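Here chain A shows up in two complexes: once beside chain B, once beside chain C.
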Partner chain A sequence: MHASLSFDQAPPISVPYRFFLVAPWFGATAGILLVWAGADALGSRWTPEALALTHLIALGFMLQAMCGALFQFIPVAVGGNVWRPRLVANTVQPLLLLATLLLVAGLLFGRPVLLSAAVPLFLLAIGGFVTVVALALWQTPATGMTLWAMRMAIAGLAITVLLGSLLAEALAHGFAVPIVDLTNVHLGWGLGGWALMLLAGVSYHVVPMFQLTRPYPSWFTRSFGLLLLGFLLAWSSRLLLDDALWSPLIAYPLLLILSAYAGTTLWLQYTRRRKIHDATSLYFRVAMLSMLAFAVSGTVYFLRPELGADPRFVVWLGVLALVGVFVSAITGMMYKIVPFLNWLHLQRLGAPISAVPNMKKMIPADAMTGQLRLHVLAVLMLLTAVWQPGLIRPAGLALAASFVWLGCNLAGAVRRYQGFRDQIRAAA
Partner chain B sequence: MTTTVIDGRELQPPEPMERTLEALDTLAEGDDVLLLLYCQPHPLFSILKKNGYAWGEEVRADGTREIRIHKLPG
Partner chain C sequence: MSITTPLFQHHKHCDEVFARAEDACANADWVEGEQAFALLCDQLETHFSSEEELLFPAFETATGMTSGPTEVMRGEHRQMRDLLAQMRGALAARDSDAFGGAAETLLILMQQHNMKEENILYPMCDNALGASDVGASLAARLKAS
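For the complex of A and B:
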């Protein structure tokens, strides 16, 4: 009888996959850029290479992957309907890809024309995406803290892109704006208000589900998002309030709630009854340990200004946040989402359950853990390279190789999906 | 009336859904399936809705959701 069950109109599998298949290659490009740029690339956060690398990872890898995941996550986790997902994805994804390339090239080569050209494309791509996702998130009858975190995150994305656009135009045309403060507010919303908010909200749902932990304590999920939002608003007040004491006063509690999220997640993993050590669990552990390292380093940065005066200190923080936390968590998530989507969409073909191959057959476990080890090596090499510039080229090579491996693992999963799909259709 | 209990709390997805769909295959009129989970299985709900099943949900103090499924008459 199962063969007659009909499945809901979740978006076609091509919608998330067109984002997922592109994302790793931006990461690989970041690695190659490091190899090409060599020793000077990470001398300070303001080198053209550092700014370009930041956005290859933040927009090319993270945003692509997170947009793709949201199209799928919204119907599956919070029961929302995204308006015409195929049309939206087919428009947003290429626009985003092009805009990212233009921005990165503009930052790297210092070309105002490229920066200005990227801005309308971002506004169009992300404006469209934010509108469609916001409608879905506000219309769903579902409740819960995952939903609220996603709503706040999508607002955070809008703020990030508006501030980023302002910065890009300011650099292109030399507007008199406080660039450093604006950049700090922009990165707060990008990394905190968008990326971390989304990661936390999604964690409430997927960590218990896929990693078989107990749920996050409700006092935690109820307060984390709001506190994060409050601290980000306070952090933004630096644009108006010019007080050197203000930054640490906001930064300490902010770093504290980061540690609380990372600590809670590690504790849930540690206390679960059934221990599984698959690539996703390990990737989450790497991400949460990186977040703790980030919080400790951030505290040192404010406590010991003489150390923080070295421009490489902030680069170290950036490597921890972008590559240590977000690349790890997102990769771990993709290693669950992709096999799960393969399985779900094969089910939708109407085959009997026994005919649909197990999720574990979609990406070989060895390929995932091998790629994970290479990624961890790349993170450690990058962190060392911040202080030992001679290591930048090998670290870049390791980073590129780990992203290429990820790209191949994901492409292999898609090929396997197509193979199984053809088998099921032939048998029907 | 018999109840088939599926404790999905320590199973990795998609096992809880697989087992539930299998149990529904053999569900007799008047019987029900009780699924225990820590999250709301929206993909399962949409399958149930489309195929003439009804369900009720209760949340226990520890966060466990009890999802009780039965076939609608007709």
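For the complex of A and C:
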């Protein structure tokens, strides 16, 4: 058993970076799509633009970044051995990229051929990824709630992709399936079962680590993942049960545990030992405040059906979840992971540590906080634009600009890595 | 209480001292910074050497694993000692930025290291060394510091 314990610090640097470097440009594409589409884009969740935007962010940005981070995180945080990471990453990443472009184009232009073409690519890319990650997660001798959350998240990803594939085929071929219910179940697993489950599991590990907070209370970590899983299963039962009372009955407690997670995280940060603030801790705060706003809005949606009847209300929820919560949290994580990986791999070249530039030399702090401000501005503009369609183009521009800035910050970090590496090698 | 509980608690104590030193130096409060940093070096050195001289050898003898996790941990101790040396230089030069950069790097490295110990290596040690007196020696040594 111990032989499978991976104590070595993870894969070649190219493995996470090939995902990280691509992700922001999908986000930038989402912004440009908004500028191009203009006022009608966010009129309802069912516009081709809204569906395309959702997946540019969910698959192009979030999934790319989260896959890259998992390759890094699994060995380091839970001692799991990922099988041939370089080979898997080199295969999965381009497939995922291509599949995402096909799906997005298919949704945007209503082309069945593109939707059908995307499905096998997703099944191959994510199927391979899920298999390799699941093996690593179930074979590690480590224990703990981060590990359990990651196991549940990877199962959530598998379910999301299967349901998404079914939806795509149904749209392409006009199968008689309950599209709306199926979409709601799909998005529940995608946003809750995969993205939030992973975010929570990773937070148990990194929030105390980056900010020296107390650990999440163990009653919380032990119940959160299971409750989330339980509510998602109940949420999925809408495919069978069609009762108007059922949805709010599941939604209220679900929104309550979201608030509990966000509130706990904010409270831990507030009472942390480390005094210093940085882009990562601020980004986490933005994400958690967005989650609270999401929970409040979600409650209003069910309490005041006359407001919820406006098709723009769900779009507002979508903006909060995707751009407010997940883009923020993921960007914050990347701003910590990338400088550290640069440092880690540079010091492995064998130079004395004093010759290795420290983490703060990898991405200028001002560039990170500047990008953070622009991102927050973009979120606020997008939220306003949901109700004021005249603002959609400027909001899209702000979104595109913030992602371009992120892309440049990350690319700059990689360039600096290469520069320092060459210096160290030349000195040796 | 398990054998490794004192080490576990000592991690938290070191975090506390780290935060004090980092905060003071970031605000150019060099008197407090010098003090907290000296304490940090002292505490971390005691911690590392307790592991290297007591816990790891006992674990290696009990399990026969000499080139596994303990070897990686020793390597990381070396890296952390080097970073402390960098911080010492920055502190002597009253260079907040250099100190902060090295401190940030030390923090992540140290936290990762501690998590690996707490989640994986310490439980393995508790299993392998359950009936030995290593625990008492560790507790005594950390308390003395």
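By definition in this document, the second predicted complex is superposed on the first by the 420 of 428 C-alpha atoms of A that agree within 3 Å, B and C clash if a C-alpha of one lies under 4 Å from a C-alpha of the other, contacts with A are read in each partner's own complex, and residues count from 1 in each chain.
Definition applied: a residue touches a chain if its C-beta (ideal position, glycine included) is under 8 Å from a C-beta of that chain, and two chains touch if they have at least 3 such contacts.
The structure displayed is predicted, hence computed values, not measured ones.
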| item | value |
| --- | --- |
| Partners on chain A (chain B, chain C) - clash or fit | clash |
| Touching partner for A:K361 - first (chain B), second (chain C), both, neither | second |
| First (chain B), second (chain C), both or neither touched by A:P75 | first |
| Partner chain(s) touched by A:L212 [first = chain B, second = chain C, both, neither] | both |
| Which of chain B and chain C A:K275 touches, first, second, both or neither | second |
| Partner chain in contact with A:P141 - chain B first, chain C second, else both or neither | second |
| First, second, both or neither for A:P305, with chain B first and chain C second | neither |
| First, second, both or neither for A:A10, with chain B first and chain C second | first |
| Shared contact residues on chain A - chain B and chain C | 2, 5, 7-8, 76-79, 142, 144, 205, 208-210, 212, 273-274, 276, 340, 343, 347, 353, 359 |
| Of chain C, residues touching chain A in the complex | 15-16, 18-19, 22-23, 26, 63, 65, 68-69, 72, 79, 82-83, 85-86, 89, 97-98, 100-102, 104-105, 107-108, 111-112, 115-116, 119-120, 123-124 |
| Contact footprint of chain C on chain A as seen in their complex | 2, 5, 7-8, 76-79, 141-144, 205, 208-210, 212, 273-276, 336, 340, 343, 347, 352-354, 357-361 |
| Touch list for chain B against partner chain A, complex | 9-14, 18, 21-22, 24-25, 38-40, 42-43, 45-47, 49-51, 62-63 |
| Chain B contact footprint on chain A (complex, rising order) | 1-2, 4-8, 10, 75-79, 142, 144, 205, 208-210, 212, 214-215, 218, 273-274, 276, 340, 343-344, 347, 353, 359 |
